[in-house]
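Here come two complexes built around chain A, the first alongside chain B, the second alongside chain C.
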Partner chain A sequence: MRADLRTLAGLALAGFLVLPLIPLVGWSVAQGWRFPDLLPDRISAQAWTFALSPQSGVLASFATTTLIAATTTLLAILIGLPAGRALGMYRFRGRSLVLLLLLAPALLPGIAVVFGLHGMMLRLGLAGTIPGVILAHLVPVLPYMTLVMAAVFARFDPAFEDQARSLGATPWQTFRTVTLPAILPGLMIAALFAFLVSWSQYLLTLSIGGGRVQTLPLLLFSFASAGRNDITAAIALLYILPGLLILAVIARRITGRGAALTERLHP
Partner chain B sequence: MTRLSLHGLRKTYPGTGQAAVHGIDLTVESGSLTALLGPSGCGKTTTMKLIAGLIAPDAGEVRLDASPITALPPERRGVTMVFQDPLLFPHQTIAQNIGFGLRMRGLPPARIAESVAAMLSRVRLDGLGDRRPAALSGGQQQRAALARALVLQPRVLLLDEPLSNLDPGLRDEMRQLIRSLQQETGITTIVVTHDQAEAVALADQIVLILEGRLAQQGPPDALYRRPAALAVARFFGGVNFLPGRSQGGLFHSAVGPLTLPPGAPEGDHVLTLRPEALRLGPGPNPRTARITSVTFLGTQTRVGLAVDGTALQALTTPDLASALVPGGEVTVSLPPEALWLLPPEATLSDPGQPIR
Partner chain C sequence: MLRSLAVVLLLSTAALADTPDGEALKAMTWDQVVEQARGGTVNWFMWGGSDTINAYVSGYVADRLRADYDITLNRVPITDAADIVNQVLSEKEAGVTDAGSVDLIWINGENFRSMKQADLVFCGYTGLLPNDTLINWDNPAIANDFGVPVDGCEVPWNTVQFAFAHDSAVVSDPPRDMASLLAWIKSNPGRFTYPAPPDFTGSAFLRHVFIHAAGGPDGLIGPFDQATFDETATRTWAILNEIEPFLWREGATYPTTVTQLNELFANGEIDFSFNYDPAQFGLAVQAGTWPDTTRSFGLTDGTIGNTNYTLIPFNSPNKAAAMVVQNLLLSGEAQLEKAKPEVWGAAPAIEVSRTPPAVQEGFATIKTHPSVVPAAELAKAALPELQADWLTAIEKGWAATVGN
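Then we have the complex of A and B:
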């Protein structure tokens, strides 16, 4: 009964996610697909050949986007993990102010901060560079990371760390063998979200990158506004690839943990 | 074999204003099993964490034999603390948990497996090494936590309330396990407890801490029968206190002169007598007492008495107490060898105040 329900839910989710992709796949291989026609006139790999060729810049852009999103995520972990630990484990003076400041970029519309940020990057000489774009991406990414890690650390008992130290573990060994395994599920979710938030940034990349940092969303929009439906569809499919992969990883983890939990309840 | 000593150890938690530990001086002899006894909130756990290096003292020093370890981080002290909760790492198996400290030391896996297997059978967890901590009972988890510390053969082992999370039946079993393991290994061990009966049954030395200060240290029967102060006597269940003056082998008090044991000190004192030592019936130092209450406690019966208006309590067997009725009279005796003199204290003006 429960297995059936689970299968049904899985199918519903897959349908919900996969169905909108079918027309996209169709567009990416269609030639001359006009309104009331059910099927395109011809099927061709032309758009894909172009999208994957060096002159389209899609692959280079894919690499740039990955580099920026991965670096942003890494920096967000390095800053957000200790910050989240402090916010989650300790009550200190000014804690609510820090929380408000952290939430601010998530609450304010991006366009409001873009101009100030651009001026700052110009002064720092980082406008139009990849490091500049990464720093700008940290503005919306860091609040996610910090708040998720704060929630994770609020449920972590620091006595485990004391116990590890007393059993002879150095601070680094304690983090690696005791703290990290405990916070890893939360950290992974936070990192995947951070990656996706950075991956899908348009406005910040456009303004800080000044057109010189060409990420996938920028390329997608330029082909879309040029009216090339087939190429746009092909790039769009490449663009949603990491999102789908991450969804698969998370779904697997969640169901995997569910199974582990029931196993623990009925050993 | 390691002797542990504390010198003027002091700790105040920020924001509380009150010292949790007030300059404790203490020596724990090599190879002894010592109970750190005191009511909740008296600074026992803080003292343990100071010894383990998990918090830093405001002043004072911790030494192992002659060498100070106050500046060393916890992992380099050779002191291992086992907490009240077992705190087994949930993502590791029981065997991995027990081998944790040895892995941190970088021992070869074969040696670790060997030590872990020996330890598992020593704490009667054979065959459970592959389980996760959540699959074990509370008592098994506590034994695994003890094994995880003992396998390291620390110079000093600290156990924080090791029996408090266990059911009464398991408590006795765990107490015997701790005692036998301690005697086998000879590791200098300190057990924190708030339960005086547990301390008396478990340890060969008791350190009583009251309000962040060392109140008395000695073997269990010394604290029980020869308390150094009123607060110590009260903590060990003392209820009979008579202020008065000792002169020429007699104690002059509200109940008249009482013969003291030879060698009793002279001057103003408070006389104490354990309730179980107060004898119902004729004997030395006899008095006629009125019975004010009779309370059946199971294995014992508590009898409230009034001698010339002074309240005293006796603990006796239910058989002996069966004939007693409140309002009646009985002859009681206060055997000289059971009388003990305490230094007089201002706190006697409020004898009903329990020590927290």
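Then we have the complex of A and C:
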């Protein structure tokens, strides 16, 4: 009975998430779908043909967006993992100040940050470049990465690392065989967050990229604001693809629990 | 917000002469310009909301540039040219005078005025373009962009004239002048609306009512005049407030963009849409957004026409290549290609009579999309565009007295 209820709740949730996407599929192939018609006049591949043609730049933009989001995620891991470990495992002076500073980009409205950031990037010669956009994306991405990792490390027991080291493992071996498996589920969630936060940036990309770095959200908005529901829907469907893919790949793995990731042995 | 920021920046910007690379270009022959342009890349910032226009630029234009001049055309789709004006402004503020990110902008009106006033434009080179001879600079509608003299700072690309669209299956006999349109609105409650300014198209509709209230455009040509404005404005607001209860949703709310207006029309909630570029009607029908029975018309008392242009910012690092792009866009062949209804259906900005015979024949055989009123028919009753100061005064007045 309880299992049935759970399945039902799961289905309801899934439906709630998937239902809004169904009209998108319709829009992307519809021609002459006007209120109050239930079905479109014609079905056409026009929007898809355009979206997938080299002239539209959608596929090139897909590649750019993936490159930016993946690099941003990687950099965020390199910075956020050690930072999260320090914040989660150690009590040190100024810790709350560091936390506040880390949270600041997530709390401040983006538009307030953008103008100053743009001036800085211009002076550095990074405005209008992909590296500039990646650096800019790190601003909203790092808080997520660091805070999730801090929460993961708060429950991490370093005694397991000590055991490995005392048994003769090198620091790298210790990290690879003890630390990483323990934090992997959390790291994956943090990486997913980081990827999707970067993937969905609009304002930062528009201002720092100056229009020259064309990510999918920019392209999507340009067609949405022109009232092209068919092309907007086709691009929107391409746009949600990576999120679904990543979720499908890691969904099974993020439920696992490592031995080192239990309630801490020491206070 | 962006607009007020632009004003602040404008006020703080000192005058600046053209950059050295621009001066050097102006001293060259066209062949030397083309030589310098070879292998270059042009970042062209343009409104990106039409798949057909995008395909024309990224297809036909880009292919010819690559084949003939080894120039890479990078079309950068944008939503509002005002953003790009701000971008060039902030580059200037940051001291970026020779490595700007923008090489070419599709622009006109207020945005051109802002750029010209802030000295953000590369000027005085248009005579170098071989296809400059195809432009009739004696035509005041070409030589002035919303009343602001072009002064060799931009190159015309298309001419457009305001027109109304209706579904002939719903409204078979639409009103043909402003007075009967206003009467129609009152006898058909809830079937008409217009986008609230500062939407570009909504603002243009207001100017038609304004000119109607003034009894014609004659007293409104030239610089802004407060006394004339006050008198005409009083009558304009009276007309607009009178029709307000008969508008869509009793005028309690207005669409904020022409896109919303088009959507209301597509869904049959209102009976008219309108646009500065009637070719858009044909494109909407081709895209399946609007019914095939869509037809369009001008007003017998005239509709406003204007020209849109391409412009090179002062700090473009690829001016030579951008000039080659402009010259290609002006060519009879390129203008003919975009005049084809299946490509775009845009009216040429050049004098067709000055093009080679083959191009002239091509223009003669073009059949306008049935939903698009032919440019020649619209041109029979054309109104000039008012200067930008009138525009802003009308938009402000509307917000205070009608849209409140």
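Criterion: the second predicted complex is superposed on the first by the 244 of 267 C-alpha atoms of A that agree within 3 Å, B and C clash if a C-alpha of one lies under 4 Å from a C-alpha of the other, contacts with A are read in each partner's own complex, and residues count from 1 in each chain.
Heads up, the rule we're going with is that a residue touches a chain if its C-beta (ideal position, glycine included) is under 8 Å from a C-beta of that chain, and two chains touch if they have at least 3 such contacts.
Note that the structure is a prediction, hence the values are computed from the model and not measured.
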item	value
Combined model on chain A: chain C and chain B, fit or clash	fit
First, second, both or neither for A:Ala159, with chain B first and chain C second	first
Chain B versus chain C as contact partner of A:Ile22, first or second or both or neither	neither
Partner chain(s) touched by A:Ser225 [first = chain B, second = chain C, both, neither]	second
Partner chain in contact with A:Gly57 - chain B first, chain C second, else both or neither	second
Which superposed partner A:Leu97 touches (first chain B, second chain C, both, neither)	neither
Partner chain in contact with A:Leu107 - chain B first, chain C second, else both or neither	neither
Following superposition on chain A: angle at chain A, chain B versus chain C, Cα, nearest 10°	160
Which of chain B and chain C A:Leu5 touches, first, second, both or neither	neither
Partner chain(s) touched by A:Leu39 [first = chain B, second = chain C, both, neither]	neither
Residue contacts on chain A - larger count, chain B or chain C	C
Distance in angstrom between the closest Cα atoms of chain C and chain B, superposition on A	49
In the complex, chain A residues that touch chain B	157, 159-160, 162-171, 173, 177-178, 181-182, 264, 267
Touching residues (chain side chain A, partner chain C) in the complex	30-36, 40-42, 44, 46, 50, 53-57, 111, 115, 118-119, 122-123, 125, 127-128, 206, 210-212, 214, 218-219, 221-223, 225-231
In the complex, chain B residues that touch chain A	49, 52-54, 73-75, 79-81, 83, 85, 87, 89-91, 100-101, 103-105, 131-132, 134-135, 148-149, 152
Chain C - residues contacting chain A, complex	1, 5, 43, 45, 47-51, 54-55, 58-59, 74-79, 83-84, 87, 90-91, 93-96, 99, 101-102, 257, 259-260, 262-263, 266-269, 287-289, 291
